[in-house]
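Look at the two complexes coming up: subunit A is in both, with subunit B in one and subunit C in the other.
The block that comes next holds the complex of A and B.
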């Protein structure tokens, strides 16, 4: 009898091991393209001592450089950004982040207000698969699922990715149990240049009012920050596309006023920041490149220091050591990208080929 | 032991292979291009009848392959391309006199995603143009529409025809793929 129990237990353990091994193997690794899929999980390896947490979509993870913010102002920060991050995902990511640390300032990019409903499974996956299991992750999944998605497929991603068998590459085996960081505290570096050729006019919309669901989660973010004595700053990052309507801007101005928080539309001060859309974007104005991100970060850093009272922590030897290491990697990547651009006339790695498709 | 072993093998087989039919219509794996819109018609399938716009006898319908149409239309006045947030595909917009065509890509092939009429030099196939009244739209396109705030939406196949109104007059006409 006892022999049978032992044998069955061993069999079950082997089954569970194979199941999770296959699951790890089949999940996308995002290491050679679509780096954005890694951003959320990279946070857990950080030292979680950040003065500022940035939340939002590509307008934060492409446009703001925490390494530069440290270098310029001695402010520690992390971008909990992800591709097309929806506002309920930002809320749950903030809720989760506050379990690890308590920043002085939270910055939320308001472009996400335009999405009132769940949008797209692939983008959901890039945000949600990387989250560690918690009440926040469960909430984020439930709020994000599109029609046809199932909660169980988030619990056991193998149910979703089983058909990747035929697409497996060396990358899937190499990064099964560990990945090198691709971002710099959530910032995805791109040093190449593609000037703005045209800025499309906004198409007429039937209704410019942001949706109730968007406001519901903005209220929750605001309340969560207030309850934790955190300064919330709403921003519109200086990307010229997608179009940011005046009607939307007014709603954010009004919201900030009503809730006694700050809202800064950086599109209105691009000249003051010094952004040159001929040189400071890598994809025609959607995202800033490295030089654009460093200019924007420098400008924003001065605001954080002068208007919000954040102080330099460069005198802290432990932090200085951590950040010097980060700066070393940041500067190495900057040099590597510049060298690649000099050699080939364009960036041929770092996600650039995927963009060119 | 044997029963448990068989049970586990069956479970693994089901997980790995048994669900493949349920993938149809869902987003592709994240290492591939985002696609939770329907696949364009492949050979052998019946072509879905979508809304079409006609300009200088050139007909263009939603989900049509764009190349031949763009060749016939000639050089656009302007062009804009926009990668998505995570570069899963590139949306391209071609600007012509009175209308704009936006395409999406599936692999190397571009398909028409939307056509926006921007002034009154062009009309729908039933003669509605920017500046037409609500009554004109209903008279021409019928009453089988959905109403949202300031907008009528007609649906056909995998496409929609949307009219946006201001003060009861059309300010925007958009043919678009249902996403």
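The block that comes next holds the complex of A and C.
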């Protein structure tokens, strides 16, 4: 009897081991393209002592550089953002982040207010697969699932990615159990340039009112920040696409007033920031490139210091050591990207992040 | 809640756990609750239909059964007092009472089935007739939602009522037990169409946790999922690509479509039945086999003894025999013998019964002319084979090749292709298109196109073939093994390590190579649509 139990136990252990081995193998690694699939999980390896947490979609992870913010202002920060990150995903990511640390300021980019319902399975996976299991992840999954998605496929991603067996590459084996960081505290660097061809005119919409669900989660973010004594700043990042309507802007101004929080539309101060859409974007205005992100970060960093009272922490030797190491990697990548651009006229080994919003 | 959904697997695990935790005398009650929950999941409104069938079956079968009892009692009590003639007359009276009840019961239940499934088919044909006669207006179509498994549970319950009418066994006095027989969830979707006397013993008895039986059941379920998800659903896009575009896919592609569909349908239907029988087994309920390696059949008649056995035997027992020996048919036989001679006179009732049965079998599969022609073509092949039997006998007397492997292989291949030709009628949009496609096989010689990239232009990629070829071969090997023993029994004789490895390989095969989830069109079991 005991022999049978031992055999069965060993069989189950081997089965579970193979199962998880295959699961790791089949899950996408996002190491040579669609880098933003890695952003969420990279947070867990950080030192989790951040003055500012940025929340939002690509208008955050492409437009703000925490390394630059440290260099300029001595402010520590992390971007918890991913491609088309929906507002409820931002809420649950904030909820989860607060279990690890308590920042002084949370910055939320409000473009996600335009999405009142779950949108796209592929983007969901990029945000949610990277989250560690917690009540927040369960909440995020439940709030995000589109038709045809199943909760169990998040619990066992092999059920979602099983068909990748025919697309496996060396990368899938190489990065099965460990990956090098691709972002700089959540910032995805792109140094190449693709100028804005035309400043967009917004097409008329049938209804400009943000949805109830969006407001519901914005309220939750606001409450969560207030309950934790965190300053919440709503921003509209200076990307020219997708079009940011005046009607949307007004709703955010009103919301900020009603809730006694700050809202800054950086599209209105593009000239003050010094952004030149001929040079400071890598995809015609959807996202800022490195030069644009550094300009924007510098401008925003001054606001954070002057208006929100954040202090430089460069005097802290432990932090300084950590961040100097980060800066070293940041500057190495900057140089490497510049070298590639100089040699090939474009980026070769830094992929082409999805044209996400 | 189809078998391949996560919800169903979760549901099954819960029911299984509760089944063996519940007091044994309530196990069948738990299955009844589970079956109704399963049914309600498809739509609470559909419960009305199955309830009407269950209650009407219960009322009429009880009434018919009581007349049997009354008759037996009366004849027993008056054993010595009644003359033979009086007994006969009494029996006739009672029989006609039972017959009236039977007819009403059949009328109600087949009526429901007929109205729901065939009203629009009739309307379409009437409208078409009107249009041909120059009428511009037609009848309006009715929007009926077809209740889950209605063809299966109606046939199953009506088989039961006919058995009670015939006095084959005692009627079930417990309405709830009859309700479970009607609605037992694993067989509700695609059968098999069970007989009450086959099921009642294991369905309502108490079951202890028998790990060996349960393990066999689980193996069968997993094998069923393998056939369905790895083979049938992966082949689906090949079949739909070919039959969905008859203008492009002609000639050899029609043959390829027939071949794909034969394998797809087999893997789909037998996979579903494996899951059904396996589920029955984990609950300790023995369901009858519905297939015995049909693609090894050497004739169409044999094929139909091995394919969808429960449906074939239903039509044989409840339709073919009663029609063949019915009064009008006997009269017809008599008069045709007199007028046309013994040869035709003897055959005519059989032919007419066969045509009626195959027409009905066709229309049972679907309210469309495709299925009717499908049924009649099956009938034609079987009758022609019967007529040619003397020729075959003479051939075999002269050339004794019956035991020759090559000749048997020829017979198997011939039967496979005859059935594939007929079966493809399921797929094309109408009979005319199907026959046009038959024509292109003989007029469009494009065989080599298949090897010039054609195989990759039918909705299947190289990776699909990489999965399909070994999987279909595995299915073939398992079938070959099944001629002597079952694979499960063969594995049971091997070491535990081998058993576990085989089991794990199939599970990982399903998980990785199954055509499920996002990126695949989830496919219902084909027979669940009938």
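Everything that follows uses one rule, which is that the second predicted complex is superposed on the first by the 351 of 357 C-alpha atoms of A that agree within 3 Å, B and C clash if a C-alpha of one lies under 4 Å from a C-alpha of the other, contacts with A are read in each partner's own complex, and residues count from 1 in each chain.
In this section, a contact is a pair of C-beta atoms (placed from the backbone, for glycine too) under 8 Å apart; a residue touches a chain by one contact, two chains touch by 3 or more.
No experiment lies behind these values; they were computed from the predicted model shown.
**Student:** What does the overlay on subunit A give for subunit B and subunit C, a clash or a fit?
**Tutor:** With subunit A aligned, subunit B runs into subunit C, so clash.
**Student:** Have a look and say if subunit B or subunit C is in touch with more residues of subunit A.
**Tutor:** B
**Student:** Quick one: is A:123 in contact with subunit B, with subunit C, with both, or with neither? Answer first, second, both or neither.
**Tutor:** In the superposed model, A:123 contacts subunit B only, not subunit C.
**Student:** Which partner does A:207 contact after superposing on A: first (subunit B), second (subunit C), both, neither?
**Tutor:** A:207 contacts subunit B only, not subunit C.
**Student:** One more residue to check, A:318. First (subunit B), second (subunit C), both or neither?
**Tutor:** A:318 sits against neither subunit B nor subunit C.
**Student:** Between subunit B (first) and subunit C (second), which does A:18 come into contact with in this model arrangement: first, second, both, or neither?
**Tutor:** Touch status of A:18: both partners.
**Student:** Contact-wise, after the overlay, does A:348 reach subunit B, subunit C, both or neither (first, second, both, neither)?
**Tutor:** Neither: A:348 stays clear of subunit B and subunit C.
**Student:** Can A:152 be said to touch subunit B (first), subunit C (second), both, or neither?
**Tutor:** second
**Student:** Identify the partner contact of A:7: answer first if only subunit B is touched, second if only subunit C is, both if each is, neither if none is.
**Tutor:** A:7 sits against subunit B and subunit C alike.
**Student:** For A:162 in the superposed arrangement: first (subunit B), second (subunit C), both or neither?
**Tutor:** Both partners, subunit B and subunit C.
**Student:** So subunit A touches subunit B in one structure and subunit C in the other; where do those two contact lists coincide?
**Tutor:** In subunit A, positions 7, 11, 15, 18-19, 22, 121, 148, 158-159, 162-163, 165 sit in both the subunit B and subunit C interfaces.
**Student:** In the complex, go through subunit B and note every residue touching subunit A.
**Tutor:** Per the stated touch rule, the residues are 1, 4-5, 8, 11-12, 15-17, 19-20, 23, 25-36, 78-90, 93, 105, 116, 148-151, 162, 164-166, 171-172, 174.
**Student:** Which bits of subunit A are touching subunit B when the two form their complex?
**Tutor:** Touching subunit B from subunit A are residues 4, 7-8, 11-12, 15, 18-19, 22, 28, 30, 33-34, 36-37, 57-58, 83-84, 120-123, 125-126, 146, 148, 156, 158-159, 161-165, 167, 197-198, 200, 203-207, 209, 241-242, 283-284, 286, 351, 354-355, 357.
**Student:** Along subunit C, where are the residues that touch subunit A in the complex?
**Tutor:** Interface residues on the subunit C side: 6, 461, 463, 466, 496, 500, 504, 508, 511-514, 516-520.
**Student:** Would you tell me which residues of subunit A are touching subunit C in their complex?
**Tutor:** Counting only subunit A, the residues touching subunit C are 7, 11, 14-15, 18-19, 22, 26, 121, 148-150, 152-153, 158-160, 162-163, 165-166.
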